[in-house]
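Multiple structures are listed underneath, in structure tokens.
Two complexes come next, and they have one chain in common, chain A, joined by chain B in the first and chain C in the second.
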Partner chain A sequence: MLISNIKSRPVYERLRLDGAGRRHLVVSDAPRDLPEVIDGVESAGGLLGYWMVASTATVDGQPQTASAGGNAGEVETRAFRAVSHLMDRLTHRLAQESVGFRLYAIGEEGFIWEIARLAREAGLESYECQTAHAGSMRRKVFCVHCKTITSGVTTSLVACDGCGAHLVVRDHFSRTHAAFMGVLADAEAPGDLPPVEELFP
Partner chain B sequence: MTIQFKPDETFREDFTYSNSDAAVLRFPFPFPEDVYMYSVNIEPHVPGGPTPAFDNPFDVDEHYVAECRERAKVLEQDPSRCKVLPHMMAAQWDTLELIMESFAASYPAHFTLTREGTNWTWENRPLGIRDSFVFGDASTLPLPPFEYITRQAQGDFTLQDQREDNLFVDGGMVTTQADWSMDFNVGMTFHQWHGPVPLAHEKGVFDRALKFLLRLQFGAPVRRLNWTMTVNPRLDTSPENYPQWGPDRTTLTADNIGAKLHLRVELQSLFRLPRSNAILFGIRCYLCSIEDLARVEVWGKRLHRVLRDLHPDIADYKGTTRYRDLAVAYLAAFDDGAALPSGTAPRQATLPPKG
Partner chain C sequence: MMGQTLKLRVASAVTLAPTLKAFRFVPAEGGLVPASGPGAHLRLFLRDGDKVHRNAYSLIANPDDRSHLSIIVRRVAASKGGSAFLHEQVREGDVIEAGLPANLFPVIRTARRHFMVSGGIGLTPFLAYIAAFEAGGTPWELHHFCRPDERGVFEALLDPYAGTRVHIHSGGTLDVLDGPLSHQPLGTHVYTCGPDALMTGALERAAELGWPKARLHSESFGGAVAGGAPFIAVLRRSGIEVAVDAETGLLDAIEAAGVEAPCLCRGGACGQCLIEVADGVPEHRDHFLDHEERASNRFIMTCVSRSKTPRIVLDL
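Take a look at the complex of A and B:
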């Protein structure tokens, strides 16, 4: 089974503020210090927002303003209760945005490609949305047989949440589905399964 | 020329598909040399080639009606095998025009296109279709234009949108594929959808092919051949239905492999489309049992050598690992080791009797 070296698997670089943008928004699936996740903030020529997922109900998504340091203006920071909370708010923001907006997403692959999909659906060009990986390597896996997406997959083999098939997790990645492909492991000889390895911690 | 169709042959369950002697002799055999390796084997798609399969922009053969019926069965079960992103409507009409004009010019006994301004009438006699419609007005056709016309053609088709110096697979009709999924791949770039292919990336094949295709000109289509092997004459070897066809690979024996194992060749053609600037990619699938192929002396010998010496990564990618030794042993009986001329023409006009 070919599961490695497939060229559709994204290769990530560090996020870097795009000087051509006039309004920038960084989204993160966990609390991280802004300079840790993106370069070039000190020379931001325009408005800079930083939205993060705090994973607690004690935050309310209200904007807080702080200095970004250097010559930069202020950063408007918001903390959200969960990824869904952030995405819901982001959908509204994207509907209001126009030319000059730049979006940056950092976090697990399932998160950053969902953000990229929202951006694409809102009409952003691919160069207007950057993605970078941070955190767990766990994957979302699209079952090519029943079309169910199984989340949080850390192993080379996983039972599909939809049809129960034992899927081999291939490195073939679809940005449209924000998921890796899963293919039945024992189609040719039912019950003959390869050993399960922890590959995506 | 009228083609004698075999409308009732099947590509599933009882597998009644077979090739006439003439169909075997026109097979687009893909190996000009004794050794196979990936390359950018692209040539102009002009009439004429080693067999009559290369004589027309879109080849129609004795399996036409049966293949269109098989496609309808697949779509009934899984409509998402045909997927076109909304911005590709101009490319849909481009495709309809290209296929209708080509069919009508190549096979006037079977297809007629009448154009009066934008009022068109299309007659497809083998399938019993006659529709009048307004070109450019999708509401006048019973189906979206791309689906309408590709349901009436053999082989798969994809639509590539060209932007950002890249090609995006933004549409397709894919029911006769060698194990790739339109539903999963839709929207991918050229390098992404070729991601799973081994070795060729490192050889720079895809970088060169993409550069070439970005400059593809209207009116100057190109073609190449690709191949794999399929157990039983099954057109729908999709990843979606791998649970259904995967077990076939364990059914081969020394006694049945000649009839059951098929060389699967894709005659791939690429056309720049005039209005959309998209590229239409035709993937026409031909199936021939290795028993029939071996009735052509040079093909039996060459197939033996290619399979015997195939790079293990390619053998694995093409899914031959379980049965390659069995196939090589079967074909060895036809190979005396004599040197073969390069090229793919059959070099004989008739076939010896079967078995």
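Take a look at the complex of A and C:
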């Protein structure tokens, strides 16, 4: 029942540092090695930051300086306890940033498009904020009937967290909501549901 | 034919400086002037004996005020006659003809803040910008560069907005831009209007400081319409030949010959007037065709471009 070739379905490329920028910040929803997630860091000069979500209470989000390897300068690395922790600090950072800044986000789609939304709200345009997918394919699903967003969906069919309706998860993607569209699966014949498939591991 | 034209009465003509004169026009037959936006310009058709000067000037008033249209004209020493005619011959009460306002330098509506860099008379579009920003409560900042002897004139023009947002520089260097360009909040756009060297200099400095191209805007005056070697345009489908003299634009000449040609902005920006070239080499003056399209010599934007060859054959 999924419709393919939906234009709103994002297509991702590997992150590449934009050498025209003056300050760069890479954010990741999991600990990853920087060279694994982005190319071209050697052209960043010294003003490169890397923030990641460590998903543990043992980190404090304080800046630490490390070498980016090769010819690259130093990278200021910060590890955050959780996505919310990183988002909170990022909001503050963006409010103080000036034009010349570039943002790069890598992780699950729910995460990278939340980052893109924060960036947009802070005044960054799409050409100043790159996104790339890594990790699980699980989706946030927006119920078109009750407007609730259900997170962590891995299946073709899901019960809405808000109204309990059985939703078909479509490929239509909303950058505003960072979520995919979910519509009632049994609208034509109530109770007649298609088989549930594990589609977004 | 000049497309749709307006009849405007000169409500006032005020000398600001030996080479600067401000004109205020109202509709000759009453009513409101056409709607336009900040950055729009007005093309005047000035009948000077048997010559017609076609000069474009930026509108300086808030476009939301539809009671009048205002411009400032610098008398150019190497003038082909248009600016001298306005300075010497046009008086209060005269009725002159003009095209509809067109905008090749619009404000970016999604910008959070507007950073303007002007040089000399290049201030004019920003007077309309500032009026609109002030009315809408949008943050802005202006850096104006001028000769020391004209500082007073521009201070007077900007006096209503004097304060921290207006910076007038008459020191002759663009270095003063580096600090402010390094500290603009995310979402700011840069606009520049003035002499080529100033515009190029400001844009290069911004790019050096990490500004993406899409945040940088400069006034591309559609002024180079006329001027150039005369040539013959062969209109293949209409079966006629049109002589384009040194003072007339190709589109104007085609229209004068009674042939309907597509057009919209008349400034080389919109792409509406694109015509296929069957033979001859265009002299491209538009901002629409990309590098490859230009190199192919297969298309011409008739509103601004001319011909490098003595004859050019058009599919029109």
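Heads up, the rule we're going with is that the second predicted complex is superposed on the first by the 197 of 201 C-alpha atoms of A that agree within 3 Å, B and C clash if a C-alpha of one lies under 4 Å from a C-alpha of the other, contacts with A are read in each partner's own complex, and residues count from 1 in each chain.
Definition applied: contacts are C-beta pairs under 8 Å (C-beta built on N, C-alpha and C of every residue); 3 or more make two chains touch, one makes a residue touch a chain.
Because the structure is predicted, anything quoted here is derived from the model rather than measured.
Visitor: Based on the shared chain A superposition, would you classify chain B and chain C as clashing or fitting together?
Guide: Aligned through their shared chain, the two binders fit side by side on chain A.
Visitor: Output check: A:Val183 vs chain B and chain C. Expected answer is one of first, second, both, neither. What do you get?
Guide: A:Val183 sits against chain B, while chain C stays out of touch.
Visitor: Between chain B and chain C, whom does A:Val99 touch in the aligned arrangement: first, second, both, or neither?
Guide: A:Val99: touches chain C, not chain B.
Visitor: Touch test for A:Ala20: chain B only (first), chain C only (second), both, or neither?
Guide: second
Visitor: Check whether A:Leu34 is in contact with chain B, with chain C, with both or with neither, and answer first, second, both or neither.
Guide: neither
Visitor: So, does A:Lys7 touch the first partner chain B, the second partner chain C, both, or neither?
Guide: After superposition on chain A, A:Lys7 lies in contact with chain B alone.
Visitor: Which partner, chain B or chain C, touches the larger number of chain A residues?
Guide: B
Visitor: Considering only touches as defined above, state whether A:Ala134 meets chain B (first), chain C (second), both or neither.
Guide: After superposing on A, A:Ala134 lies clear of both chain B and chain C.
Visitor: Rounded to a multiple of 10, tell me what angle the C-alpha centres of chain B and chain C make at the one for chain A, in degrees.
Guide: Here the answer is 60 degrees.
Visitor: Once the shared chain is lined up, is A:Ala122 touching chain B (first), chain C (second), both, or neither of them?
Guide: Once the two structures are laid over each other on A, A:Ala122 reaches chain C alone.
Visitor: Quick check on the superposed model: minimum Cα to Cα separation from chain B to chain C, whole Å please.
Guide: 5
Visitor: Counting contacts the way the document defines them, which residues of chain A are shared by the two interfaces, the one with chain B and the one with chain C?
Guide: Residues 127 of chain A touch both chain B and chain C.
Visitor: Please name which positions on chain B make contact with chain A in the complex.
Guide: Against chain A, the touching part of chain B is residues 164, 181, 183-188, 191-196, 198, 201, 239-243, 246-247, 249-250, 316-317, 322.
Visitor: Provide the residue numbers of chain C that touch chain A in the complex, in ascending order.
Guide: Residues in contact with chain A: 112, 181-188, 207, 209-212, 214-215.
Visitor: With touch defined as at the start, can you tell me which chain A residues reach chain C in the complex?
Guide: Residues in contact with chain C: 20-23, 94, 97-102, 122-125, 127-128.
Visitor: Under the stated contact criterion, what part of chain A meets chain B in this complex?
Guide: These residues of chain A touch chain B: 2, 5-9, 126-127, 142, 144-145, 147, 165, 170-177, 181, 183-184, 187-190.
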